[in-house]
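Two complexes, one shared chain (subunit A), two partners (subunit B, subunit C).
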Partner chain A sequence: MNARIFSARWRATSGPWALLCTVVAFVYVFSLGPILITTAVSFNQTNRSFFPPRGFSLRWWERALTPEWLDPLLFSLKLGTFTALLSTLLALPLAFALYRYRFRGREALVALTLGPLMLPTLVTGVGLLQLFQYVGWREHIGFAALLVGHVVICMPFAVRTVSISLQTLPPNLELAAASLGATPVRTLRHIVFPLIKSGLVAGAVFAFIHSFTDVNLSIFLARPGEVPITVKILGFLEFGFAPTLAAVSVITLLLPLILVAIVERVSGLGDFIYGDRRG
Partner chain B sequence: MADPALRLVGIEKHYATVAAVAGINLEVNEGEFVTLLGPSGCGKTTTLGLIAGFFPPTAGEIYLKGRPVADLPSFRRDIGVVFQDYALFPHMSAAANVAFGLRMRNVPQPEITKRVADALDLVQLVGLGERRPLQMSGGQRQRVALARALVINPTVLLLDEPLSNLDLKLREEMRIEIAAIQRRLGITTVFVTHDQSEALVMSNRIAVMNAGRIEQIGEPADIYERPATRFVAEFIGRMNMFAGQVTPARTVRTAAGTEIDLPVPASIVTGAEVHVAVRPERTRLVRDKPADGLALRGALRQVLYLGATREFHVALDAGQRGLVETPNDGAAPSFETGATVWLAASFANCRVLPAPS
Partner chain C sequence: MRSGVPAHWLLIALPATVLLAFFVLPNALLLSASFLKSEAQQLTAEPTLDNYRFLFTRPLYLEVFLRTFAVGIAVGLIDIVLGFPLAYFLVRSRSRFKGLLIALSLAPLLASVVVRTYGWYIILNRFGFANDVLLNLGVIGERIPFMPSTGAIIIGLAHALLPYAVLTIMGSLNGVNPNLESAAMSLGANRTRTFFHVVMPLCLPGIAGGFILVFSIAISAYATPAILGGPATQVAATAIYNFIIQLLDWSLGAALAVILIVCSLLLLYAAARLGARRAAL
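Up next, the complex of A and B:
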């Protein structure tokens, strides 16, 4: 529909069009550039991170694919998966309560749920660390504490996507189902759930990505042997940037991308992430 | 004596301090088509929701075939509802939408298949069962919604302004079709609309609602010919209203001072303010004062050409406005704007209504 506005004649003659092209080019250069450079650097033959790379070797990749790096990667995958599942499970009833009913304290609960979105995760991390120490759960610092922290910072995404899909549900569907003899449970199963599925999946995906890429909170709650990949990378950076890190970065970058692609294939959440195709 | 299919006794619904439904009594007989007609906000859709069980009444009881159901949730009431927006399940095909109520009743699959096919046939959607609602036109969606509500053989069928989203032509067709299906199946139906012509065409009886109450209930001709209140008179069709007062001789003296000998209902006391009501199509314009009947003098202000009819707007000497509607018989109107004319009607076509206090 908008294609008409950008008619060929308009394009050929207009300054704004040229400006738009320039801006888009810059966005691509700065978002794709680092990825391409990092990938290239990981194939260096030398010990230093030259760009363009000197020679070609897979030695940094060999080093990246050892348990030293694979363990934190797997740990992050596990943490992200659990975070995504837990966040979505909690988000479903929460979104129902917050956006379907009017009750005392609702506003406060909304603020409490979505609050972590606006808080620096660094602060949440420090706070959680102190809390765990204060209540004597020192031994749970590591996976358990990380899971709690990640659910806190990731759940707002799931609550948002689920509540958006709840709000886009046509208003009378549940009444129609009830009038046709469906109990509330069966209405939820046959009508509501299939229609908000893409919101649930999108919420889970956002939660996973947010968890997988978090470093600010994780840095406080990790412990030896239970370290997410981001924290591991940060720690390694203290010794300077090596091509190993470039290889690790590429893997870290590709893993969630592949995962999202699989989920997109299986459940078609495209509607949610790229805008509504149903119109 | 058999119980009526549906009976509402003293039904009220309050929201905070506002009474959306302020005491409704209604009996709908087996196989009857009753319309709740009224302006928006009159409580008609709320009443429908109460019958459907979407929310509980504040007071009163609802009986379906003699069984009190006010405390039962919607899914235990055995009612069929067609919504204004159809409320079709977008992730299911038309056939699956129709099958939903049968599935919820655990009807065996072969029977579901047969009954869904019959229902789609009934609403003339044979061959379209596999389409999704979004791939269908408004009229087709409406038919799916109707089939979905009918296939479960509900005790009562509830229709909530089902035609208001269709364009005029289709709306007029569907009126007749829905009424025909209803008569054929003999299914007890409550229909909600704000459209008086829908109500007149489709109903066995019409309940005119205003401010949460039923103002008048009766057959369409009853409501149109013998409106009981000024509200009903003005809501259904158009009505000339001339203010007057009941004299001790039980006649009506109009504001202009003429006394007219009309039957005054016994419920209206002597001295009360009243309105003399007469339909525009039952009046005529004349040049000289007629010998008998209602006659009010005024100046012709406007002549509107409407194709099938003409409308004459008259500024009456008493300060009120009069409207005369005549069929267009092809002849030019014999009055010009500005002319002094008499608005005339026979007494048989006039009714005396109490003025709202």
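Up next, the complex of A and C:
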């Protein structure tokens, strides 16, 4: 009601609002323009990244769908999926302990949990590379090292979404279930889990996207044959700029977009973006 | 509970072990390497402060620090200036398409920085879109290379990090009651005054938090400076990569990484003091 009066006042003197809309339109062009340009470039007929594209062809898309690019893409998908599963599995008990219990060292544990979010990812990547070399796990640099690194940097996102969904869970529910004779495992399975499922799903989605789009950590831990798509694109950018790259870029953009669209339909993600469901 | 071990220890044992082994330990190793001497591309056991002395005295690396911070500040400011109107619009808009508009403003986060920076490569390179447009308009006589340059790095990073500024500012604007603005206007303040004396002060923590968040990500970004910059426009992240991967000088790479960590932590401490809460733990 008040909001309506407010916006009516804005519009009554439409000057500033119109100005704001113009500025906002400019910001959208700035924000989405380069992505749209990349998409257009991938349909070039020439072998240079012209914009506006000259002619129309799908040959760069054909080339983007050869093993040279599909392999790193599948590698990234595999890495992202394992990362999402593992980081959510690890985040669940952690978030539960932090939310439900007050104990000595809790603050330190919160700092430890948020640490990977606070420190530059690049630095963690260098540190992990050094660790793996130091303890003689050189042969594990590649998928194993990448998985460990991605789980560590993605866990804070999952802890956060699970914590948010735990806030909406009334603590009495578990007591009620227990007083009705349910075992802790049964309570967890039939009461807690269904109620925090959306938090788990959101955490897994954010973890997947963070893993799928990461460069800063991956550049240090990849090895030939075990290269995530982002690192592959980055390496290629130094040599050539054929429109193939544009097509590959669009594919890597579409995959998370489709994932988010599906999950948003099924279980909702928007609630977890601001950080407070009730806010 | 029934046994001697408290329940919360059982819950946190595994995740805490993973974080200690693969987050704390690597960073501790890096910290120790930064105080060790490197010889013939191998770390020795000899403690030294020379790594830091070297980085802080060579003009080349002083320039790298300076550029890194200048880029961080410029990117932070640009993103606040662009992000604030967008956040304000998204929070106050009553459009039917509000949900879609919010989704569109955050959608770039779904693309890797590499992908988003590639778009700027297409625009800024010597034979790119920007040159075509300016030539056709007659603004420039001949093609000029906009990249590699620090300016290109700033534009690319400002573009990549804009959603973070928008999210942070939206978070704090959501807490500003629109009635306050109506009240100020009904008491005779005009729109400009209302904006600068009511809205701005109330969401200053969000603006400062957004700036610091963007700044701290920008100073440790690798991909954008690697694509839009060159050997003459090194920043901290690209310099670390060169030390570790190309020169195999772990000591100097580690020292530079530690400097980056200290800067990030100081910034985040400042952000926490300003009340910009990042996590709902």
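In this section, the second predicted complex is superposed on the first by the 245 of 279 C-alpha atoms of A that agree within 3 Å, B and C clash if a C-alpha of one lies under 4 Å from a C-alpha of the other, contacts with A are read in each partner's own complex, and residues count from 1 in each chain.
In the analysis below, a contact is a pair of C-beta atoms (placed from the backbone, for glycine too) under 8 Å apart; a residue touches a chain by one contact, two chains touch by 3 or more.
Note that the structure is predicted; figures quoted are calculated from it, not measured.
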Task: Once the two structures are overlaid on subunit A, check if subunit B and subunit C clash or fit side by side.
output: fit
- prompt: Is subunit A touched at more residues by subunit B or by subunit C?
  reply: C
Field: Angle, in degrees and to the nearest 10, that opens at subunit A between the C-alpha centres of subunit B and subunit C
entry: 100
Query: Of the partners subunit B and subunit C, which touch A:Ile191 in the superposed model: first, second, both, neither?
result: first
Query: Should A:Pro170 be classified as contacting the first partner (subunit B), the second (subunit C), both, or neither?
result: first
Query: Of the two partner chains, subunit B (first) and subunit C (second), which one does A:Ser179 touch, if any: first, second, both, or neither?
result: first
Message: Looking at subunit B versus subunit C in the superposed three-chain picture, what is their shortest Cα distance in Å?
response: 11
Query: How about subunit C: which of its residues touch subunit A in the complex?
result: 6-8, 10-12, 14-16, 18-20, 22-27, 29-30, 33, 82-83, 85-86, 88-89, 92, 94, 99, 104-116, 118-123, 125, 127-129, 132, 159, 162-163, 167, 170-171, 174-175, 178-179, 181-182, 185, 191, 216, 219-223, 226-227, 237, 240-241, 244-245, 250, 253-254, 257, 260-261, 264-265, 268, 277-281
Statement: Within the complex, subunit C is touched by subunit A residues 2-7, 9-10, 13, 16, 20-21, 23-24, 27-28, 30-35, 37-38, 41, 48-49, 51, 90-91, 93-94, 96-101, 103, 109-110, 112-124, 126-131, 134, 148-149, 151-152, 155-156, 159-160, 163-164, 167, 209, 212-216, 219-220, 229-230, 233-234, 237, 241, 245-246, 249, 252-253, 256-257, 260, 270, 273-276, 279
Partner subunit B, residues of subunit A touching it in the complex: 170-173, 175-184, 186, 190-191, 194-195, 278
- prompt: Where on subunit B does subunit A make contact in their complex?
  reply: 52-54, 73-81, 83, 85, 87-91, 100-101, 104-105, 134, 148-149, 152, 158
